[in-house]
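Take this structure, written in structure tokens, and hold onto it; I'll ask about it next.
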Amino acid sequence: MKKILNDPKNVVDEMLNGFVYANEGKVERIEGTGVIYRTFQDEGKVGLVSGGGSGHEPSHAGFVGEGMLSAAVCGEVFTSPTPDQILEAIKKADQGAGVFLIVKNYTGDVMNFDMAQELADMEDIKVEKVIVDDDIAVEDSTYTAGRRGVAGTVLVHKILGAAAAEGKTLEEIKALADRLVPNIKTIGVAVSPATVPEVGKPGFQLEEDEMEYGIGIHGEPGYRREKIKTSKEIAEELVAQLKKAFNWKRGDRYAVLVNGLGATPLMEQYIFTNDVHALLDREGLAVDFKKVGNLMTSIDMAGISLTLLKLEDEGWLAFLKQPVSVPAWA
Amino acid sequence: MLTAETAAAWLHAFAEKINENKAYLSELDSAIGDGDHGSNLARGVQAMEEKLQAGGLETVQDVLKTAAMALIGKVGGASGPLYGSALIAMAKQAGEDEKDVASIVKAGLDGIQKRGKAEKGEKTMVDVWVPVCEALKSGALTKEVIQNAVDGTKEMKATKGRASYLGERSVGHLDPGAVSSGYLFEALLEGGILDE
Amino acid sequence: MKKILNDPKNVVDEMLNGFVYANEGKVERIEGTGVIYRTFQDEGKVGLVSGGGSGHEPSHAGFVGEGMLSAAVCGEVFTSPTPDQILEAIKKADQGAGVFLIVKNYTGDVMNFDMAQELADMEDIKVEKVIVDDDIAVEDSTYTAGRRGVAGTVLVHKILGAAAAEGKTLEEIKALADRLVPNIKTIGVAVSPATVPEVGKPGFQLEEDEMEYGIGIHGEPGYRREKIKTSKEIAEELVAQLKKAFNWKRGDRYAVLVNGLGATPLMEQYIFTNDVHALLDREGLAVDFKKVGNLMTSIDMAGISLTLLKLEDEGWLAFLKQPVSVPAWA
Amino acid sequence: MLTAETAAAWLHAFAEKINENKAYLSELDSAIGDGDHGSNLARGVQAMEEKLQAGGLETVQDVLKTAAMALIGKVGGASGPLYGSALIAMAKQAGEDEKDVASIVKAGLDGIQKRGKAEKGEKTMVDVWVPVCEALKSGALTKEVIQNAVDGTKEMKATKGRASYLGERSVGHLDPGAVSSGYLFEALLEGGILDE
């Protein structure tokens, strides 16, 4: 493991302190917790809280700020945060209009946020939530853990953030989220694995010439391992999977997110974006919004994910485009 | 007999087993999960031990509830809320009848299932709790019962939790949460709580 | 080489097309060139042009937009762009008040920008420039190529961009730049090398447990190779070097930039930032501005650089903080 | 004799040498620079060949100027402006006297030095251009002169260009720009331009 670190046990604590220092005046940390909250308070408006394990930087703390999240709860690396900490975040985020939770669909995240919601109930804070499950690499089924929540979550932050800033009520945000999430689908590819600092070795193995389609943001297994392909071929595979999942027709309106998994440089991300562009044009889709960058990473994994959001509602596009002031959304 | 003292001793023995087997549990979790089950629980039982040793806990309910809060606040992941929900439900039931271990553990199982929605056969800790509950009810809990339940998860295909992403590839591996639950019940047996 | 690419010969062309697509409506590319310019035009104001070899993404095109650069000239990977292309950028950027060039101190960059300036002279466009040479890893001397220009260049973009947007004249911007650049100093460390796609193998070798202080953003050799150290120890070394170079005293005001070199995750960058914070506090410096992220990268190099800017002028801080609308500055 | 035809032939021969030695030049540049000198020049001479072959160039000045513009527009890096400035200065001088090769090459050297500010002994292409100019003036340019000049850069310590970052570690390697300039003058010799 070749990393710029001190004690691997302290990575989250030190990282959060570094983050708060870097964004002094705009965010703060609730002492003794992994909760980052914005100093800007939007009184009378719904608070948004997201979170999960650490290792996905800039998610989720990088989206805390005016126009997006009120607070983020950062667990240990790849480990869901605990209900007491989520409760602290909820309390901070509550400005009298209730709090909305954005939860990625992992057993641990779902249960810890559930418990936090129950605790908040007991303190008479109105809490609603949405479970994001955009990773189409996983078979969906009500009898299993279902699809994972991955990079599409960032678009949920953005859109709900704009809706909350606009003053939408908790019920309106809940309704918006419930319509939005089924329209977001993501699929990724990894070319090299991530190393959790405390573990000290890569979470899986890929040969020098191999890549794997469908790997999750914690290194969960994907659906196919192959010799490494060109960017164009990878784009073709991912777009084909998304096409199957969306069953789109010419003229449909979409937003696109190309997400780097941590160690993949922007150079490759833009080349891949260029290939995606050609394919979506060929499909006749109208792409009204695009975003490229490291937004939902997997520590130092190399790879890319492609997210499409079907813009069923004109308002979603406006929410996506609304300027914000957060560390990780330019 | 279950008392505040024996309950604390039970949980202490559990904590020791977790610490001893921390690496093993994480290794099991590496095979079919994300490799953190051992460190998650070790973090939790350390906090639990600190709270329990602080003393001042007079009832079984107090002990169980204190343990629950420590685990909930420290473990995270999937196992944190599950063990936490189990212990909270057990604490509640202990408020009804401190001595009835079978009912207390059954309440714990209900708590786990309410939280995690897993049934028997999905390759989770539930596959240990269910046979243990049955055995407790008939006064027949033994090491073998526990061991068989734990080993039984090996041939199951996971359909809940992180291991479910592996589908068929999860077969052939023990479930880490089942193994850690096995430790909990071994500690119960060894503590003499069930002896008349 | 494990990269998401098509033909290595086309990386710059495809990357720029992907970039323009991702930022459609905000930037455009002059056909047949590596020039990216903003669609927003600031009439009567000084235009800012930066550029250099590609492989430093988001530099330089990521800073094109309202409040920063008017245009960026992107050469082949790690190869300075040519004078004719720089001239095209100058023509685009000229809104009647002249054009200011931000050039990093490499022989190739300096000469190509010089030639472009001569060509612009012939077309009666007023052009001034500044040479950024912030890399203190290199001995400075008038008899050599001098110090290299590295991550500190991004701060020059930001400050001059705000000054230009405010309507400062070409002469004022030149005077500002000449005072600013000597106050910016950078030093970096690499833990793994970059691979130029066309070359196909790493530009240098580092053992599994080695790192090198002072490596340049094209893999130029540094000043010391060592067993890999902790983040804290690395921070101590880099801060000590900067202290020597600045010769600061308690109470001096600074801006800090922690820059990831491409493959180093934000997790490590924030941990390092946290260590820098402690050291600068110990030195009694007042740090009024901080920025952390991948801003001046070296393709997929892993490592970090630390830039300090001595805030000699109150106005510089205001310029740094001025909101902008560019792809790579949140 | 230098004419539009022989000048074009000279540059064509230069282009061929660059293409043949592209990998070698980049390899030399890898050792003390950034490994792109071969591909930089190859990109440039390809554009130059296309322009020259388009024809319609009647004077030596036309030929040299066309070559200059092609290199300036394609090479980039340090060598692009240097070779470009050399050829532009040479074109200007050819406008004065088409036949005086020594003065034309000397003008090229001046162009390089005006652009790059390097003196003799700094381990750059200047270390080939200077002795070649001297030899041309006295009518004594030979392969040996060129080879000695190129080889002479090996023991120099670079103080200009990218290699200067290596300091002492640059000693022991040939300078890639010196080698490519050597090809330019070998092509001049082989083209028979200097023969009476």
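A few notes on this one:
Labels for the chains are A, B, C and D, by order of writing; each one numbers its residues from 1.
Operating definition for what follows: a contact is a pair of C-beta atoms (placed from the backbone, for glycine too) under 8 Å apart; a residue touches a chain by one contact, two chains touch by 3 or more.
Going by UniProt, the chains are A, C = DhaKLM operon coactivator DhaQ; B, D = phosphoenolpyruvate--glycerone phosphotransferase.
Bear in mind the structure is a predicted one, so any value in this text is a computation, not a measurement.
Distance between chain centres (mean CA atoms), chain A to chain D: 55 Å. Averaged C-alpha coordinates put the centre of chain A at 31 Å from the centre of chain B.
Not a single residue in chain D touches at least two other chains. Taken as a contact graph, with one node per protein chain and an edge wherever two chains touch, the assembly forms an open path, each chain linked only to its neighbours along a line. All chain pairs in contact, by the document's touch criterion: A-B, A-C, C-D.
Interface of chain A with chain B (complex): residues 53, 75-76, 78-85, 106-108, 111-112, 114-115, 138-139, 143-145, 148, 196, 198-199, 203, 216, 218-221.
Taken together, the chain A residues at the contact with chain C in this complex read 2-6, 11, 14-19, 21-24, 54-55, 57-58, 62, 189, 191-192, 197, 208-209, 211, 228, 230-232, 234, 258, 262-275, 277, 290-292, 294, 297, 299-300, 302-304, 323, 325-330.
Interface of chain B with chain A (complex): residues 30, 34-36, 39-40, 43, 72-82, 84-85, 115-116, 159-162, 164-167, 169.
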